[in-house]
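Chain IDs A, B and C follow the sequence of writing; residue 1 opens each chain.
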């Protein structure tokens, strides 16, 4: 696989009042060209942290980052702010959960999308035409009129489509989507997912999809990475993970999803809560909640086992 | 105890402010003990004497010890500040709660008066009230309160409106909690931090206003040791007895500055905690 | 069996000004002509997306907002026309749990106090109220030590369980749960849903669960009610509605939900044509008309009546007339 983005032993720690909080620990993964990779987990698992660390949208002085983020032959963590700025938008785009927060309410939507294009040196006329074309691509009806509308005049689904158009304007190789449909109605979500799939097919962009919604993942992801308490615990193709989840947490998570009627049986809940890992506890992070925990689980973090060329799990053979 | 000390120590404003305000409070409380003379102890033999070991801050034209007068003056400043704050807060919070919770006509009337009184310059407004009520420190307190209640009402009203729609308030209505009870148990405790911050920042403003009024002769009257009055009467002897203006002025600056720091410190303390929730 | 709540032709209208300085007021029918009977011991799942009126409905049932028309009959009282005292009496038969765990509890009250409060209002003495609070906490599987805690010290799942405990302590006839698990993680959601099911079975409660999550509704409900733009468009037993959706909107809704099986990802998708908020020009028309894939002439000029698909399964659609 031709890797577009590679995370190499990425770690993110935060200095908090009672010590060093490990938000992301030793995460290594690769996203190929033209693939949709879903990073899945519950709150506090570190998936959003990874997205923000890749994009380096803000500087947090209490944040300590280790490892590498390889993109286009460079380690993004080594780049200066101005070099990173050239990459953002042009090569790596991002769409967020709440599109209303991401669009400036006082500018027309078309203007904001055109702003992205101006960075590529298009004339005003060329910009406007390109924006209309983009709006058409993301299936916004009456694009010539909609380019003039303000964000508050658009529905949630439309705004999200404008965001996608904005991101696609510069045709980035990688699109990071952080919970892109969580705030949307189901019928709108279906439309957005449909667009994301078309974008992958039309523009050959790769997508790093951050979500906790397994339905969305089943719908559009090619590969899945499951995260727990800052670590990547299992990775595989979408079929492998759904058919054959190996890690006890993955299994538990999938069994906790309501799928049928209560008369068909109760869903299984995982007891306990996600731990706050301080000072890099040197054992399996799922230990206290794992139904298959054993002594070896406390002797250092388990290493990855390969179940197939594409399927690996961070666990001991007895646990799977 | 440690949990309370740590934020105090980290926050320099809070620390300095607390210390300074404590000093003023202690002086006010123990003025009788600390002051070498009574504030109205006149002795024409010691008129307009420069600061010396006998009279630390010098004497005024009546031979009264300035040091003692300044110390006793702290009582007046504090009393005025606290009383004015209490009246403002009571009026402002009550009206703010009612207009925020009920809206409608109550809100319209309250907002009208809030806008009206808030747009009047405090000094001029106070002068108007004094004209009606007569001179004196107590009337000054009333005048200041009339002008300043609106700032509390405004904040309380806004917060009440947003809290009213929160799930825990609607749930309370749904289990038959009465309006008054909701305002007191559910809304008020949650806006208390904002009120405290506002109060700690408005006290210095109140001190300044009352001092200005006393300076103009509308507030404290002779022989009160009020700092504003002292400043006013120091004017005629400013060239030959500058200490008469310097020391009351310094006392004023010290007190207002202390309260300002305290207010900033309190705000820093309460705001991030609110966000953390 | 007599229904415990009988909602008939409930209406709620809002007046919204079109623009900042305009006198013209637009009428929005948040809830229109809504009728539903809720029977003791059942779980009714109300599903709808934003703009469906489902949240307004819960607020109408609790008298948090006055209705514009229709009736809500509980026992012998009609909430819509009742006086304040009667409303207060009826309210005590309901308990509600809202969506956001963080704002469900008063940040300034301890857990114990939050749970006790409804009982104290009813005149119970402190000692007994405290005992009941303890029992309720136990029922939601939380340790007694949490009684002294403040909400901000708890996780979302715990906060939601406290909100449920507070609802339970009132021994309600009907519990209204408005998106009870939407803000929770998957594993926590599973805990809370199972808890709700256990409690319902043990205490013979009646639930009205309002949500946009089809998976949740399918799991817990006995009957499903589907709302679209203020109207109830379909109602019936869960399995029946899901297997045989008879209203075009229900059909689209069910087929829009991503299926938890990648093998079915290429199954036929029913995309919802048009844009959210599109209303028909004619007020008497079927609300779905501008966006309905099966729209007919009739739909643009008249409102379809509730027609029976099978006993207990009804839907508002002219298409059903043809099959009869």
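Definition applied: a residue touches a chain if its C-beta (ideal position, glycine included) is under 8 Å from a C-beta of that chain, and two chains touch if they have at least 3 such contacts.
Here the structure is a predicted model, which is why all the values come from computation and not from measurement.
Trainee: Consider the two chain pairs A-C and B-C; indicate the one with the greater count of contacting C-beta pairs.
Mentor: If we tally the contacting C-beta pairs, A-C comes out ahead.
Trainee: Taking CA centroids for every chain, report which one is farthest away from chain A.
Mentor: B
Trainee: Once you find the CA centre of chain B and the CA centre of chain C, what distance in Å lies between them?
Mentor: Their C-alpha centroids are separated by 51 Å.
Trainee: Between chain A and chain C, tell me the centre distance in angstrom, where each centre is the average of that chain's C-alpha atoms.
Mentor: 32
Trainee: Where does chain B touch two or more other chains at once, residue-wise?
Mentor: none
Trainee: Using the touch definition from the top, list the residues of chain C that touch chain B in their complex.
Mentor: Listed in rising order, the residues are 59, 62, 64, 88, 91-92, 94-96, 98-100, 103-109, 114, 117-118, 121-122, 152, 163, 166, 170.
Trainee: Using the touch definition from the top, list the residues of chain A that touch chain C in their complex.
Mentor: It comes out as residues 42-43, 141, 155-158, 185-191, 193-194, 212-216, 218-221, 238-239, 242, 252-253, 256-262, 266-271, 273.
Trainee: Which stretch or stretches of chain C touch chain A in the complex?
Mentor: Chain C residues touching chain A: 49-50, 155, 157, 185-191, 193-194, 197, 212, 214-216, 218-220, 238-239, 252-253, 256-265, 269, 271-272, 275-277.
Trainee: Which stretch or stretches of chain B touch chain C in the complex?
Mentor: 166-168, 170-177, 185-186, 189-190, 276-277
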